[in-house]
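Shown below is the structure under consideration.
Here the chain labels run A, B, C and D in written order, and each chain numbers its own residues starting at 1.
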């Protein structure tokens, strides 16, 4: 059973790696998706690996990661907005 | 034959490739995006080392908050591209640096490969000492942080406060006492405000939860405080809240609350239990949680202030 | 010994892994940034949901099972909104 | 190869990479980022010491882990201070560089 979890984690991690390679080569804005990619795929792989190796309390770490991924994206978009010279308030 | 070693190697390669990307990226924005991704990936490595506490801290402080600090600074610097090309060092210099870096990395790697096996460890003694100091906490890491190294933990919180003082004092004289520049000049738009409104309460709940479970499971004041700090910054980015003026009483009280409470209780320990930072064993857990709660407050206040930077003269709006 | 619950976990996690795979295929094959983002945001979130679902029977306690659901809900919320933010930035960048 | 040795080697590589970036990048914020990268490599190498407690019947060694957490927070505090200094420096000199040569020349290109 554990091997199956690890296999699934490996597959997901592999798709995340491919996705990262694709996204990071894209345009400036597209690169932001890298964080999102790790926020979903990364968390899935993390949960699987942790379950298979029985690390305690990983749900909390995953919760934290999910929050941080959103936080980082907001900060980056914020910067891009400022950069585009939005209608200054 | 297990799959795990292959997974580990894949993960290690991924971390190194993303790290190379952040160093090689052409502009600051790209490299900071890479750095945040790298922070999240590094959290995986720490999970594999059975260190979820460190994983969470690395992702939160090392990746997330540091990334936002750098990106905010980049925006304020107004230079998202590299400095003038003539500042680029020549090929010979680059080669030399590469060789030096490779040598350092190689030496470190060799040391790691040559570590004795089975390794010497003080872990049992340390854990016993942590227990002996009367900390009735289930999480050995929090127990160590709180009792075995009380001085260190407190001094490190002081480092945070000193850094806040340092950042504030870098501002101009005219701006002293004012508020740091807002995280965002333009008016926010609906989806961002929505996300901040939804995320912040959930995030605060999760932050407090992680602080609370920290006594028995991975988590603690650092991790919880970093998440709370991130949520405060989210509300400031959506302009649901503004950075406070640095001369507000409440802000300053929040900043010093953690170390102050720690110090007072430490001194009380001298009187009640006979030595500095000694707690009566029966009360150890409630006392430690009490101290940690104030630490949480101080960390949650200090991190956003560090990111927000010195007070700004143009703190209008 | 494989129980019925294990079978359920295996099925859900395999399906989840498949959706991640599909999402990445979309990411590689779709022609422009907005559609690529669409593939990423939709397929990966279904994938995470299925993985979380598959891990629920293996959770240590009811609380950690609940947390798995909360993680998924949180990622859904943040993915839906941040995709909107990135999409807007993309569209403005093109002008 | 055990996970801890592998992680240690990753840490060593990160230290090398960070050092390279720290020396070569002309942009001060990029230098700072490289420095942070190097720092996390150091923590990882140090963390291998944490895993070494495994042989003594522990899955981890709490003391070094606690120190790594402290280190991460202190590194962040130092970075924040460095950012504030860089911003003030660029404000005063209207240039984004740490190169002292660039300031002695009165108008050698506007880096800002």
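In the analysis below, a contact is a pair of C-beta atoms (placed from the backbone, for glycine too) under 8 Å apart; a residue touches a chain by one contact, two chains touch by 3 or more.
It should be emphasised that the depicted structure is a prediction, and the values quoted were computed from it without experimental measurement.
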item: Leader among chain pairs (count of C-beta contacts); value: B-D
item: Centre-to-centre distance between chain D and chain C (centres being mean Cα positions), rounded to whole Å; value: 33
item: Interchain centroid distance [CA atoms averaged], chain A/chain D, Å; value: 22
item: Separation of mean Cα positions, chain D and chain B [Å, integer]; value: 13
item: Distance from the mean Cα position of chain B to that of chain A, given in whole angstrom; value: 19
item: Sequence positions of chain C contacting 2 or more other chains; value: 74, 78, 81-82, 85, 88
item: Multi-chain contact sites of chain B, meaning residues that touch two or more partners; value: 4, 32, 48, 50, 74, 192, 195, 199, 202
item: Pairwise chain contacts, counting only pairs that touch as defined; value: A-B, A-C, B-C, B-D
item: Complex contacts: residues of chain D adjacent to chain B; value: 1, 3-21, 23-27, 29-30, 32-34, 36-37, 40, 43-45, 47-48, 50-53, 55-63, 65-70, 72-81, 83-88, 90, 96-97, 99, 102, 109, 111-112
item: Chain A - residues contacting chain C, complex; value: 1, 4-5, 8, 11-12, 15-16, 18-19, 22-23, 26-30, 32-33, 36-37, 39-41, 43-44, 47-48, 51, 56, 59-60, 62-63, 66-67, 69-70, 73-74, 77, 80-81, 84
item: Residues of chain B defined as touching chain C within the complex; value: 189, 191-192, 194-195, 198-199, 202
item: Touch list for chain C against partner chain B, complex; value: 74, 77-78, 81-82, 84-85, 88
item: For the chain B and chain D complex, residues of the former touching the latter; value: 4-5, 8-9, 12, 15-16, 19-20, 22-23, 28, 31-32, 35, 38-39, 42, 45-46, 48-51, 53-54, 57-58, 61-62, 65-66, 69-70, 73-74, 76-79, 82-84, 86-89, 93-94, 97-98, 100-102, 104-106, 108-109, 112-113, 115, 117-124, 126-127, 130, 140-141, 143-145, 148-149, 152-153, 156, 159-160, 162-163, 166-167, 170-171, 222, 303, 306-307, 309-310
